[in-house]
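Look for subunit A in each of the two complexes below; its partner is subunit B in the first and subunit C in the second.
Let's look at the complex of A and B:
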């Protein structure tokens, strides 16, 4: 047994060596920010700690005398399992290279994230999935690499380190990247511990939960009829520990996931304004069923209802600064109304678990989520005032094929840089209301050349973001 | 590519298994030397908290209130169900966990406990570590969503 274990350790060391070689290769690549290299360093050091601990186990005679052979094997195997975990972390670096990301957008996005999450390190990367996602690295790495042996490893970990992934195939479609607002929202939700405040506000229907337990127990007890009973006795319910465990875990996890997703949507609106709502509809409607919920996400229709709650103007409990509905262009207003109508339609029956959870997300809970998120923004949300101040000037620039990276104040005789959020909101307004005018300026008819015109619009916006970033950096250097 | 939800479950599984291994070693050291060093005491304190959460998780459906704590309790309950000794039935699950809690507490407070009970405590954490190892392996290899396994 000892010989087998010793060989297992030797083989694991070979995996460590291969991993360190791959890290060396990835270190040679060029990244738009320092964040991918921070993660590479973490993986490198983690790999070294695992390798040295495997060596220690091999030589630790006291350990061989203290643990049974099964326990010792388990300990070695556990250390070995850190290796595929570290390899999985490498996946977060793939796609973050300069050539795989819209590099012009990465720095402004990083600046935007740091505005809300001080001292954060974010890896932006493209991946093959048609999705956006968020991975909270600091939280996970602290959980896995806990204890004395990993202490030095965690010391170098940024206070808030995360990965935001976006679809490679849409890499240059900047209008869609407003979806990143939702991913930043996950970070804010966690940083502000909003789960501790919001989750206890959700109430579960106990009788519905017991009813599901009854049906499952009945099925498991091979046809024994318990469904007619009003309430299961303690013994009957206790008979099926597995049912209890499954329901307890599912309900708690699904509620936790859904509340966080909804709060992240509310943060998306607060950070990007209506641009996030438009990007959500554009992206999600093409690839998801509007009324289909999952273990991790509430249905897009619930999510749209929450966003609309923030954007519409007749909500007394909603912040006035976010009531964008009243100032939209007519075409934009029609577009929004049409989608809100679709979202509010009754859908087919859900899986019973999701049905319980969906019923627990009442309009009052939606209000609570919105108000706590607005509170969490500390007055730094993208407001209607900012939108009104910039939008028509920026839209005019876009319509005339001029990158909307700065605005001229003729009275004050000065120019100001446009921020990335204003540029994208103006981009959406043009996309929804003025594409005919936009396309006329390069002498094509929009309805016949939609793809080409959309591409041109996105290129113009990306150029504006790049120029605005250059100006901002220049101003920073001048002021240093 | 891993889904974020599965990577989160993998993180939880690897961390829990690592914790279980450490508790097994702490108990084994105690059985050998009759002493607990400060870091072993901290691990036993964590073990006591874990068993308290298991019982809370077990009772949650009687009064289903949600909180961050209820989510942690649900996870602990689920882990303990997987790690329980095969002869523990649904009926005596809570007594079994309560016994484990008492033993861990006694070991921590009085630096002694019944030898058989200490062995059962060690067996539980050994099973816990084993079941998490299997779960980690499944999460690394299997595309099925872990929650439905």
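Let's look at the complex of A and C:
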């Protein structure tokens, strides 16, 4: 048995060695920010703790005499069981290298997130799924590595550490990456515990729930019609209560998921302004039915209703009481109206559970979600005033093939760097309203090749984001 | 006629009705350092994007090859090196880089980009195709080669080249640059011969009379 245990330790050390070799490889790569290396350091130190403890057990001959073989095996496994988890974490680092991300966008995005979540570390990585996703790490890591052995490891963990993944195939299409606003929204929703406030506000339609319960019991009773009965038997009553309880649990879970998704959308609008709405339509409409809901997500049509509610609302602090809706260019207005109309159309019947949840998310609930999210932004949302002040100047630059990274004050002979959100909003306005003018720059080279012109627009915006970030950082250092 | 530095500042900050007729060099991180008083050029910085040729099984690089455009992208690695980091350029190594600044020339201005002599003395050749046409918009691609004997660390953000701006005597209004490189945001490899020339060169011997 001792021999077997000794071999087990050796094999585990081999796994540690393999992991450390992979860490060394990944350390050599270039990342756009320090965040991936923070996670890499976590994995490295975790691996080191496991390896050194295995060494100790191996060398401690007394242990072999005092512990039973089962106890010894347990002791070894106490450390080894973390190895697969550490290996899984590497997945978050792969795809975050400069070659696999629009590197120039990552640093400004991190800066943007830090504006809302102080001292946060976010890894932005591309992956093979055609989807954007958010994975919070801090709580998860604290839970998994909660024992005394990993105490020192957790001390260095950032307060808010998360991974935002985006589709690799869309890596260079920066306009789409406004979808990241939704993922940041998940972080803010969790950080501000909005679920505790919002979910209790949603009430389930009891009669609809009773109706589904009856149908289920009927089906379970092999087709016996129980709906017409005046009184249910004791067994039937018990069964009915059990079904209702299960249904309520399920519906509450779906409500919880949907409320979080809707709140994340509201955060997306607050952070990125209309650009998030446009990116959502562009990305989601291509791959999803407008009226299809799921256990985790409400249908795109409900989500669009919420976003539209925010965009058409007058902003309180606005002196002229403006809404985004009113200041869009004509073509953009038409685009928005068409989509809002489609989203508000009645669709085919939903799955009964989703139908109940959808009916529970009333316009009042949508208002509550929006107002709580705005409250959570503490006045730092992207404002209509900013949009109105910057967008037409920035659009003019883009139309003329000039990156909108700075605005020139000709009188003062000064330049001011544009912020990433204004750049993206101007980009969307050009995409929706001025693409013909923009494409004219390339009429000799590409001739009506929309894909190439879209690509050029995205490249120009990425350049603007890069240059704006470099100038901002340069001036920050000068002023230190 | 070369525009002196004082005049350059004036050109950049005098608002034109039509944005296309505006001289734009963006961003200029350090005005005093890059547009020196009494000089006749703007110093340009090294940008963050590079194209590095890689070893391949391709036996030659033939511009008359029908598959030229398809083969070309696979022959270079694209690399982004942020400011603060560096690229090592080894002796005899060739890479494409670009200026950090994005340039737009109105229809009455043209420019020449040349290396800074202090880098030239270290063996670094910066640009060989140096003319920038009126109406051009984009970053300028730099052909970087280390002709020296020791590796050079190239930090994006360092001043590496200088741009001399010339006035064009009879500007072509409404025209301007329509080249393949228009709107470049990173180093670009181009097609060295036009399709028309390729056709004629291929047929040259066939049509001998």
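Here, the second predicted complex is superposed on the first by the 365 of 480 C-alpha atoms of A that agree within 3 Å, B and C clash if a C-alpha of one lies under 4 Å from a C-alpha of the other, contacts with A are read in each partner's own complex, and residues count from 1 in each chain.
The definition used in the following text is that a residue touches a chain if its C-beta (ideal position, glycine included) is under 8 Å from a C-beta of that chain, and two chains touch if they have at least 3 such contacts.
Treat the numbers as computed from the prediction; the structure is a model and nothing was measured.
Of the two partner chains placed around the shared chain by superposition, subunit C is the only one that A:396 touches, whereas subunit B remains out of contact. Once the two complexes are overlaid on the shared chain, A:296 sits against subunit B while remaining clear of subunit C. Of the two partner chains, subunit C is the only one touched by A:467; subunit B is not. In the superposed model, A:444 lies in contact with subunit C only, and not with subunit B.
Touch criterion met: A:98 reaches subunit C, while subunit B stays clear of it. Comparing subunit B with subunit C, the partner in contact with more residues of subunit A is B.
Looking at the shared chain after the overlay, A:118 reaches neither subunit B nor subunit C. Contacts of A:405 after superposition: subunit C is touched, whereas subunit B is not reached. With both structures placed on the common chain, the touch criterion links A:364 to neither subunit B nor subunit C.
Taken together, the two structures place no residue of subunit A in contact with subunit B in one case and with subunit C in the other. Within the complex formed with subunit A, the subunit B residues making contact are 1-2, 4-5, 7-8, 10-12, 14-15, 17-19, 21-22, 24-25, 28-29, 32, 39, 57-58, 60-61, 63-68, 70-71, 74-75, 77-78, 81, 90-91, 93, 126, 129-130, 133, 136-137, 140, 145, 147. Against subunit A, the residues of subunit C that register as touching in their complex are 9, 13-15, 19-20, 24, 26-29, 48, 77-83, 85, 100, 102, 104, 137-139, 157, 178-180, 182-183, 185-186. Within the complex formed with subunit C, the subunit A residues making contact are 30, 32, 98-99, 103-104, 107, 396-397, 399-403, 405-406, 408, 410, 413, 415, 417, 441-445, 456, 459-460, 462-463, 466-468, 470-471, 473-474.
Against subunit B, in their complex, subunit A makes its touches with residues 63, 65-67, 70-71, 74-75, 77-78, 81-82, 84-85, 88, 91, 127-129, 133-135, 140, 143-144, 146-148, 195-196, 199-200, 202-204, 206, 209-210, 213, 235, 237-242, 244-245, 247-253, 255-257, 295-296.
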